Structure formats: structure tokens, C-alpha cells
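Across the two complexes that follow, chain A remains constant while its partner is chain B and subsequently chain C.
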Partner chain A sequence: MKRTVHLLLLTLSFLAASCSAGQEPFLPSSVEELAGHTVAVPEGSTTDLFLSQYKNIDLMRIGLGEMAVAVKNGRAEFAMVQETQFDATRMQDKGFRKCFSGLLKGVAALGFRKEDTLLCARFNAFLQEFIDSGEHERWYRGWTTNPDSMAVAVRQNTAPPEGEALVVGITLAFPFIYLKDEELSGLEVDMMDRFCRQAGFKPEYCIIDFPAMIPALHTHKTDILLSHMQVTPERAKQILFSDPYFEGSICCYGRDPDAGSLSKRSLSQTVINSVRTNLIEENYWKILLGGLLVTLEISCFSILLSVLLGAIFCFFRMRRSSLVSGFTKVLAETVQGIPVLVVLMIMCYVVFARSDISGVLVAIFSFGLFYGAVFCELFRAGMLSVDRGQWEAGAALGLGKFQVFRLIAFPQALRQIVPVFKGDVVSLIKSTAIVGYVAVMDLTNASNVIRARTFDSFFPLILISIIYIILSRLIGSALNALERRVNMTKQQ
Partner chain B sequence: MISVKHLSKVFPNSGQPLTVLRDVNCEISKGEVISIIGPSGTGKSTLLRCLNRLEEPTGGQIEIDGEDILARDADVNKLRRKMGMVFQNFNLFAHLTILDNITLCPRTLLGESPEAAKARAFELLQLVGLRDKAGSLPGELSGGQKQRAAIARCLAMNPEIILFDEPTSALDPTMVSEVLAVIRQLAAQGMTMAIVSHEMDFVRSISSRIFFMYDGVIYEEGTPEQIFEHPQRPATVTFINKIRTLDFNLADRNFDLYGMFGRIESFCKKYGLGDKMFLNLEHVAEEILMQIVPFTGPVSLTIDYSEKTYKITMTIVQATPKGQGGQAGTVDSILDKLPENFLPLTIVRGFCSSLSEPLPGQLRVEFDSEKR
Partner chain C sequence: MYSCFLSSLKALTAGPFGQRIRESIVANLITEDRWRIMLDGLFTTLQVSMLSIVFASIWGAALCAMRMSRQRFLHKPAGIYVDLMRSLPLMILLLVSFYIIFAATNLSKVQIVVACFSMYFGAYFCEIFRTGVEGVDKGQREAGSALGLSRPQVFGRIVLPQAVLRILPVFKVQMTALIKSTSIVGYVSVIDITKAGDYMRARTFDAFFPLLLVAVIYFILTWVFGLGIDVAERKLTPKSRSI
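Entry: the complex of A and B
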């Protein structure tokens, strides 16, 4: 195993090194000069809308966290980011160079549902006081110049807010909102905590993809959008904006051609460095571990639920009544005809839109239902593979229907089912990687969080791949043991 | 022991319902060995399967030891424990060893201890000659061995009667005798049995009574001697003598003679009658149809070949001509009208072993096949 991992790392690091080498340094100074180049923008952002007008710019719409990574490994030549963010992250020290700035000057505000005017007014009142007392300026300067010491100071000096629950939708972006020692921290979180403390709320932060932000608000998944969201007339039609709490502009950056190449270091140094920056610093390993536990939780309960549902569907599917079996058939085929990701989104934003059950439960229901439909057909095929004569022979000897099923048909069907079942279970575990779409912090999503902070896509992705492989192998060998038992027919 | 009255079974086929049993009445007493024979598709297996309700009868009555087993509250599972069944395809439980196949039901249903069930199983395996196969899986056995194991499994439930549903039909010819020997042994021990079989010699030697089924009823029943030596009714005779038939219906003398020759030839080939027999049949048919039969109305020609007696009979019937005023006319004798030395008649006589006219207008020509 160790050797395999080593070989894998070696191969991939060569690939990464080779594709990041040798690019002509070019530094544009205006949007016009970006023509003909690949530019990464956050999907659905105002920058996205703005740059879409320039037809000759090759836009790459990706998540906020992925942009720097894309620039670093050369998939995008340039990226657009909040200037505040670029400065606070000290990206100039991490191999990036600012090209030009001052683009799209605008203000950021909180988003509310149109009908929540009262809540919005309370926030505006708080904000006014915040600005008037001069706290606002100290707060803004502190977070944008020295976020880490600010975070420590905030944590030491204040108690967590208590009161009525308030779900706050966020996207991670340093220094506005980020994870520090597994806890949410940052400019916006600090402000929200201050507001909640004053107004008597207990904020529940819920990480959501930026494009899903407004739908999540409308479907009551969240009560407030806190995502350094720029106020635009289009957005103002859909949601209610508070007063602005900071001004910002967008800057364009690219790779710094003078930055030292990482690939000159030896492999072991690279690995040690990656482990340090991606796991040990900021206790990122704890985030990964938490993600792994969530992945395990979703996998295990989904498997149990899907087997149960599969058995129930199968039971009804095999009824003589054409109405019952037809209904189950249509249900199973419908569910199977939809991509599992879409099933998950439907569950989250349509079926359970109005209820406040957790994303983990939504994921378990979705995978349970989808794989329940898959297992229904599998179990049915297994049962049909048992010759009718076996049922007749059992019945002729005087066994009841259930006894024939339990003693004769089921053990024989199991032999057909288990080999396929094994593959399906492994694919279920792997497909849980998409739960990030409904804001669940699973293993994959945890790696996204780390990547967004360390700008290293290579190590976290390889690491979680290895974890997924180990998981699949463990489940696979557990099921292999089951398969051996099923096939061990001589039971003396 | 078993009494069946007016039993009927209709399969609700999509399209048109298929009546398999029309009206079956019979009695089976303890100690009897009943064989059920008859052409395919006449309801033999269905009758057997109705007896232990693997098929639900559509109508009628079945009583076992005076108990109505078709009653709504009848305990079917308990009933089936008293009636063993041996299937054409063995149906041994594929995932269990032979030993487990035999002990499964005694343990689960009769509450036998594992040791007792195992001891009994070995006794039965000894009886059917498979003691050394106790640990094998069904897939490792030959067809004959599987069927013997299935019989042992049946016996383990101590049934009062065993129903055999074509126990040797799925077997290689070389394996039939080992299974029949086991059944014979059971018969000798006085086991009550009902056997559906196509093994005529076996059936004849083992049965106390034979049911001949035809067209959804028990068409004729009797001792083996009555059925095999002196069958009374036409369908029984056809079946017992294994008669193969070829039919022609001819409207007038302008029929397709060469088409007829072609069919006669393929009939002869099919049953291995030889070229000479084909020529004989051809000449006789031609002479009779062209020269002898008056064709006062449609004529039918039938060739029967018995695979048991190897006799070939050609029957030519001159149908009754339409008389005046809608009344059926009468047919005159054909041979009486012809002179004794009429040449075509002489030719016909030369090719066959006998020519007669049992009824007016009906000629019967017999041939002896070279096979014997």
C-alpha cells in the first residue's frame, strides 16, 4: 500500500511540475488587455456578469476557492478577486502578482427575504450604531491587515452569542469568512456575531455554494445571506439588501513569474511541506477527520436505508397486483432515471425545502431512495433467478410461503445478489462526494475548504482519493467475507 | 383414501381460457399403485398437481381420508406433508447438500432433532443407494442420482402417498432404470403411489390400476391387462398401439395426386417405412382413387401406422352423396359392383396383404411393414 501511494504521488507530482513550467510573463493593466486570455471568475458573481460582456475573454467559471489553484497550476492565466481578499491573504507572498485593480467598485450588504423587513431594519440599526461608535473602522482595518491576531483577539474577548436560532448562509473566502482552528472566523462572522449578541440570536452558519445562495434563502434553508455579496439592481429585485457594511473593488491577478518554483524541491521535501501546510497548520486535519466521519455517517445510514427500501420496493414490485407492482416499477424507474445529484438537489430544495432537517439527513434520504430503487431491481433479478421449481418443491414438502422464502429462495437469490451489491455499495460511498452541493461538510467538501486556503489542489485531492480508496477496499473486503459465507453451502 | 369428483381446471390464458381438466372422477385406495398415462397435454400432470394443490382446481371436489381439501379453511401445508411429490426436474434445493436437502423439512416441520433427522436421512440414502453422496451438492450429481435423492427427500417426511410427476422424462435413457428400480422397490413395500409416466413397460408391470387420460377426462381405466391388451375405446387403442396417422380429404377426382405422393413419401420417411412401402402405398392409392372409388361425393383417405404392431392400414371412405330433397342418400357397396377380374383390383391385391369393405363405401387395405 505504502509503495503504491508513493508511486502515485511521484507520477502525479511530475505531471503537476511539467504543466506548470515555462510560460511567457505577461501582465495586463486593463480589462481590454485580457482579450484572448483565460480568466477565472467566481460563478454567478458580479465579476462574472461584468466580464461576460467582453466576448473575446475566455471565462472560466469556478468556485471561489478553486480560482487561485487554477491560476497556480496554469489552467487559468488570470483570476478576479476582491482586492481586500488579495491583500489580507498576502497572495503576493504566495506566488501571485496583482495586475490591475479598482474594477467594479461597489458595496457589500447582507441579503434577506423580501418579507423579513423587520429583521433587516434591526440589522440596519445595529450597523448604524456600529459605524457611529467608530468600532466599524477598527473592525475593518483589523481584519484586512492582520486577520489572524484579530481572530485570536475576538475569540478571547467575547462569548458566543445565545438566543433564537438564525440560519446564516455563507461561502468561505478569506478573510471574510474562513475556518481557523476548526471554528468559523473572519470579518463578516465577527460582524454577524456582534449583531446576534446584541439582538439576541444564535447564528447557525451554513456553508452554501455561491450560485445556490439566493435559492437557499427563498426556500427557507437560510434566513440571512452573509457572503460579501455586492449590491446590484438584479439581485435587489430578488432579495432585500441591508445597508452596506463595506466598500470593495475587484482586482485582477496572475502568477508571479519571479516566484521561486516549488518543483525544484525534492519529493520528500514537497510531501513534508504539503503535509505541514495542508494538514498540520491551522489543524486542518481535524476538518478532514470531521469530513471523513460525516462521509462514513452518510454512507452507513444510506446503505441501511437503501437496503431496507430496496427490499420493500422489491416486495411490492413482485406482487401479482399489476397496480401495486406497476406503481413501484414506475417509481423505481423514475428515481433511477434522474442523476443522483439531481435527486439530492430535489430532496434539498423541493421536498424538504420548508423543513429544517439537516443536510446530512437529506443526503441519507436521497442516497437511500436512489440506491433503494437500484437495489429493488437487483433484488428482484435475484429472486427471479430462483427457479420456480424450487418454490414448488418447498411447497410440496409442506413448507409455508415465508419458510420457502427464508430457507430456500432467499439463500439462493443472495448468491446472485451479493457480487453486484458489492459494486453498488462501493459506488454509493463514492457518490456521497457530491453532498457538498447541499452544504454538508463531508470529506470532499473538507478538502475544498483546505484547498481554498492553501491554494494547493494536489495534496488534498490525492489525500482524499487515498482515503476513498481505503474506504472502498474496507467495505469491499467486508462484503467479500459475506460473499464467502453465502457461497459456503456445506453447513455441517 | 383419495376421492376426486367432477374436478375441473381452466387456465385463464390471456386471449382464450384453456380447459385442461374437464370432469375428472376417480378413487385411489391405500396401497394402490395408480399410473396415469395418455398423450401429452391431456391434463395428467395437472391432475396430479391438483391433488396437492400446487394448482388450484377451478371446480369439483377432492377428499382425502374424508376431509375436503379444497375447503377454505383446509390446512394446505399440513396436507402436503402427507403427500410427497417427485418432480420431473428433481427440484433439489440447489444451495444445500443432499443430506441437508433431506433433513431440512423433517427438522423444520416435524421437529425432529438434527441427530435423528441425520440418522433417518442416511437410512434413506442407503435405500436409494446414495449413502456416499450425502455431502455432495445437487449440481455434482447425475440426473438419475438427483432423482433418487429427490425420492429420498420425499420419503423423509413419511408421506402416506407419493405423487410422481414424470419422474424419468428429464433423464438420459441410461439413467431411467436406476430410478425406476427405486420406485419399483417402494411399490413392493406397499407404498401408495400415483405415477404419471410415459414408460409403458414399467407402468404395465408396476401398476395395480391405470388411468388413461384423454381430453381432460379419465377416458378409460382398468388393470394393466385391460388397458394394454384389450383397450375398449378408440383413443385408447390409438395411444396403446402408438398409431400414427396421415389424412387426406378429397373433394373430387381432380385432386393434387402428386402432392399426395409427396406427403406419403415424407410420412414413410419419418417413420422409417422404406421406399418399397412408399411405392406400394402410392400405387394402391392411385388405383383406388382413379379407378375404383366412384367419387359420388367427397372421399377421405387415411393411412394409419402402428408403431407397436407395425401394421399399416389405408382406409378410403366414400362419403354419402347428397340425396334429393336434402335427405342423405345411401352409399352403394363399391366392390360388389366390380367384376372379380377387374384389372385395377388385381393390381391393388398384388400390393397389399388384404383388401376388404367392412361397411358399404369404406375400403380397408392392409399392409405388413418389413419391420417386425
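Entry: the complex of A and C
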């Protein structure tokens, strides 16, 4: 307990330690002037492709939502986003300034699979009507000038769409798509909801990283792409674009050196302010709580599954038949030689590519398989540590093979297994932090969502660090109790 | 060179199934010189892994010295540090290093990643080293000082050679874990082999081939590094040295 308190104190002392250095004001006016500077771009976007031609720009490819965070804490000097997005960001946080704009003018449209021409035609018809009625104009102006009141108005005046399920792949980016009061909201979500209401669909929004968008569409993980994707000839070869619903260009922005710095406030004030903006406002704590539950769910079921699989693998591995044991050995070693992240991606994009099971289940299967292989070796080592004479003695006493295992070998093996098992379980829980890669909203990803909205990287990260520390400490002490119990039987 | 490669590829992959494999290889690796991304990614992964192993070992040894010191102000903080690292997910530490600890510094992305991995695995290595050193029988130290050796001499000539043999097998496991865990660096926009596979997938929409390739590369990588440790272990075992 004392240790835990120490850990928490140490983590909190990061609070005091963090203060970012200022940078000399520099205002580029063209892409050429960005040479030698770090520029954040949305990964896989047209901006990314465009700036990749300039070899001397240090590109930082990150998620759309992370851009403002990266600029704010100095990780990137500049960022390039849609002008609309910048204006909205600026509305919320005055600490940014535009450097130049009007780059890469283009139109954005919805993406469909090539064969879904009917769905695309239905959307085009809706869009035509939307534009003709003048609603489009009102919709656009409303969301770009006052997104928050628009969100409230939309929610009050309309019912959620009902009907056939339609999976819509999205990327979070204020004000296009963002979380408000733990519900998705924004310019594009509003348009999609209108379309679905008219066409009789029920949209299921699925948050995906931008580069994974088109593959997700092809592998039937989603039916529609909705993330202000610019229409380009290369993309048009791969997917079917609807008519454009949005026109815009890219601008470059950086930190505004004149904006008031946070360091002027006292520490306690900063903390209180962070708690307010990151947790209480817009009920962000509910997202975190949901993330925590998902993390716990994945952890618990993965532990159960991996212990089960480990026991089964171990059983086969210990068989005398060289074919069966050889096969299990190869399986266990292969799985262990690959990073758990790659196992997760293989499960998501290859094994379960065509089935529509949830990301949480995919994660549970991946961790179950990976740690099953780890536990297989662990259990085997434990079983082998039991002296052969013990089995023979059991058999001499007239016990059956299973009885010898249950009464004699297993309790002895357990004593060897539990100390290592403890460490592995904690590392399983910790490694679940990567599931955000396959679009699961766990604790880590929940904090990313909040960061994308509040542009504060510090507080959410420290908060989830503390949660993870407490979690692994709790599990650790629970397993310590188990270890004590196992050792108790030894004393008796 | 290409035509030579292509013709040998054709010869190797005859038959209808072979043709599918050939198409996969051509689409994923050869078109638009995509193998270059993979090679760059592999290089980054190797760079991050090797630098991290070296720095984590150094940092781990320093931490181990601190933890085993009799001074309270040395071994207490080291103990807390090790506990902290062992209860934080690596992913979170990576994000914290990237966005908080090293946010305002001029370090490159790869440098930050190496620093983060060294911080994290230093704690694990510290524990490995400590168990190894503590596993050496106390009598050995006593015998050493009875022979008139100074404390550093006892450590260097008697304790360390015995401890290293105990450390190496566990070190191999942790090192493999380190190499594998470098796969998450794509999260902070470092293009390693996993991310390169992602890019390839995003271009070709072939999920199977790039992932399989990445998996095989990791497998070979961990195997080769493990082999290195095995060789070191064999060389350091006194029995084999006398032969």
C-alpha cells in the first residue's frame, strides 16, 4: 500500500516537472519555408502525400485529432489541416495562429464500395435535395460558426434514425465529427443522420484510423466512409465516391507566441482547470469509465481464455506422440516470436476479416492466443519441475493417472507456476493498452479521444497512467494472496 | 537485376497457386518499389531495438547498482522507479514520453522512442541483473575477500562471471520481448516494420501478405538475436571454454 502511494506521488511530481520551453516566433508563408521544421499532417491524407515530396520537411504523421495537441505542446511546430477544422479549433483554443492557407483546394465526398452503386445513388439523390432546399447552406454555416449550439439544436429537434443497420467508418476531428456529451456529433454526423433518417437506415459509427479506412471498407468492416475524404484520382480507382458535399482547402498553423501561457497560473489552479475541462465538462469521465470497463472486460476474458488455451496446449505438448507435441510446439513458438500487436492485426484483418464480430472479441481472441502460448510454456515448465518419482509413487499407491495429477503433481507444479504467472497476468493487462489499433475504445483510446477534443495531452495521460498503476497493483496484490495460499498448502 | 529477379521468381512459383503468390509479391513488394518502405522500416526497427537494448542494459546496470547499494537514498528511489515502470503499460509510457516528458526537447522521434524503451526495459533488466547477482552464493564473495581481493576485484573476477551465466537465459527472454514491443512505435509516427506493413496494406488492400511478411520478419529477428545470446552463453560457459 505504502509503495502504491509512493508511486502515485512520483507520478504527480511529473506535474510540477512539466513546463515547456518557448520557441522563437517564426511565421512561414509558403510550403518551401517549412523546410527544416517539424510539421504535423494527418496520416495517409492528401496533405501527407503532397508534403512527402518535400524531402527536407520533417513530417510527423499522426491522427487528425492529435494535431492540435502536438502543436500545443511543441512536439510539432506546425500542423496542416482543413481550414474549417482550424477555424473551429481556434474558436475553442486561442493559442494558435494561421500561417498560410489556400493549399490543395479540393472537394470531399462519401466513399462506398465499388459494387454499392445503389446506396451511392440514394445518397446522391438525398444530397441533391439537401442542396436544392437550401438546408445544406444553413447546415454548413451553422456548424462552422457555432458548432456547440448547433449540436444542442440538432439533438433537441430530431429523433435518432431507425432502420436497417449501416456501418459508417469515421475519424474524429472537431468540428466534423466529435464527441459531445458522450455522443457523436458534428457536421458530418448530422448530415449522415439526416440521410439515414430519410433512407431508413440506422447508422452505426465505427472509429477507424484514417489510413485503415479504405481497407476497412474493402474487408466489409464498414459500409460507408465518412471523414471528409478528399476526392483524388488514385482513391477513385479504389472506391466509389458520392457527389461532393464539402469544399475546402488546407491551411498551415502554428502556436501563437502572444497567447497567454499556462505557466502564469498556479499549480493547483491548473489542476482544477484540467479536471474541469478534461473530466467534468461534457461528461468526459463517462467515456473514461466506459474505456476502463472495456479494458477490464478484455483483460478478464483474455486471462480466462489464455489460461484455458495454455492448459490445452500444455496437455497436447506433453503428449508422447511427437506429431501432436511437435505441432503444438511450433504453434506456441511461432505465436511467441511475433509481437502481440501483429497477432492482433492478423486476427483483425486476416482471420476475422469477413466476419462482423466486435473489436473487443477480436482483442480477447488475440490476447487469449498469444498469452495461451506463453502460459503453455509456463505450465509445461511447472509440470516438468515435478520429479518423475512423484508420479511413480502416486501410481504405486494405486491412484489413476488423473488422480496423481490432481492430488500430487498439480499442487507441486502450481507452486512453481504462480510466481511467474503473476508477472505475466500483469503484463497481459498492460499490453491491452494497444487495442486502440483495431478501433476498440479502451482506456488508452478513451484518453486519446479526450485529448483530441480538449487539446490537453498532459492531464488525460497522467490520469490513465495512475489508473493503470492502481489496476496492476490491485491485480498484483490479489495474485500475491493466491501465492501465499499456494505456499500455505506446502507448510501444511 | 529486376528482370533476373522476376524470372527466378517465375521459375520458383510455377502452377496456379504459385501464380497467386507471385502476383502478391509483385503487387506488394515490387510495384512502386514498395520493398524500399519495408527495408527502411526494418532498418528503423533494428535501430530502435539495438540502441534500446544497449541503453536499457546500461541503465539497468546502473539501476541495479543503486538498488543493491546500502544507501537508503539510492536504493529507495530505484525500487520505486522499478515498480513504477513495471506497473505502467509501455504504450502509456511511450505517449507520456512523447507528449509530456520530451515534448519540449529537440530530440528526434527515434531518439525519444529509444529513451522511452530504455527507461522501461532498464527497470526489467535491473531486476534480472539483481536476481543474477544475488543468486551467486555469499560464500564466493567471502572466499574472494579471504584471498585478499578488493571489493571491485571480487565483483569483477568472481561474482560477475557466475552471475552472467545466470542472467543470460532470462535476458534473452526480455530482449525478445523488447524487440517485439518495438512494434508499437508506429503510434508516435515512427515508421518501423509494422507501420511499413500498414502502409503497404493501405496501398494494396491486401491484408494477408504484408502482415504475414511482417510476422515472418519479426520471427526471424527474434530468432537471430536469440541465437546471438545462445552463442554468448556457450562461449561463456567454463566447460565449453576448456575444450
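Here is the rule we go by: the second predicted complex is superposed on the first by the 467 of 492 C-alpha atoms of A that agree within 3 Å, B and C clash if a C-alpha of one lies under 4 Å from a C-alpha of the other, contacts with A are read in each partner's own complex, and residues count from 1 in each chain.
Everything below uses one rule, namely that a contact is a pair of C-beta atoms (placed from the backbone, for glycine too) under 8 Å apart; a residue touches a chain by one contact, two chains touch by 3 or more.
For clarity, every value in this text was computed on a predicted model and none was experimentally measured.
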Room on chain A for both chain B and chain C (clash or fit): fit
Partner chain(s) touched by A:V351 [first = chain B, second = chain C, both, neither]: neither
Partner chain(s) touched by A:C99 [first = chain B, second = chain C, both, neither]: neither
Partner chain(s) touched by A:V324 [first = chain B, second = chain C, both, neither]: neither
First, second, both or neither for A:D387, with chain B first and chain C second: first
Superposed model, angle subtended at chain A by chain C and chain B (C-alpha, nearest 10 degrees): 40
Partner chain(s) touched by A:A396 [first = chain B, second = chain C, both, neither]: first
Partner chain in contact with A:L296 - chain B first, chain C second, else both or neither: neither
Partner contacting more residues of chain A (chain B vs chain C): C
First (chain B), second (chain C), both or neither touched by A:P411: first
CA minimum distance (chain B, chain C), superposed complexes, angstrom: 20
Residues of chain A that lie at the interface with chain B and also at the interface with chain C: none
Chain B-touching residues of chain A, taken from the complex the two chains share: 387, 389-390, 392-400, 403, 407-408, 411-412, 415, 489-492
Chain C partner contacts - residues on chain A that touch it in the complex: 3, 6-7, 10-11, 14, 18-21, 43-44, 60-62, 69-70, 73-75, 211-212, 214-215, 218-219, 238, 334, 336-342, 345-346, 349-350, 353, 426, 430-434, 437, 444, 457-458, 461-462, 464-465, 468-469, 472-473, 476
Chain B residues touching chain A - in the complex, by the definition given at the top: 52, 54, 77-81, 83-85, 87, 89, 91-97, 99-100, 104-105, 108-109, 135, 137, 150, 153-154, 157
Chain A partner contacts - residues on chain C that touch it in the complex: 80-81, 83-84, 86-92, 95-96, 98-101, 103-104, 109, 176, 180-184, 187-189, 194, 198-199, 201-202, 205, 207-208, 211-212, 214-215, 218-219, 222-223
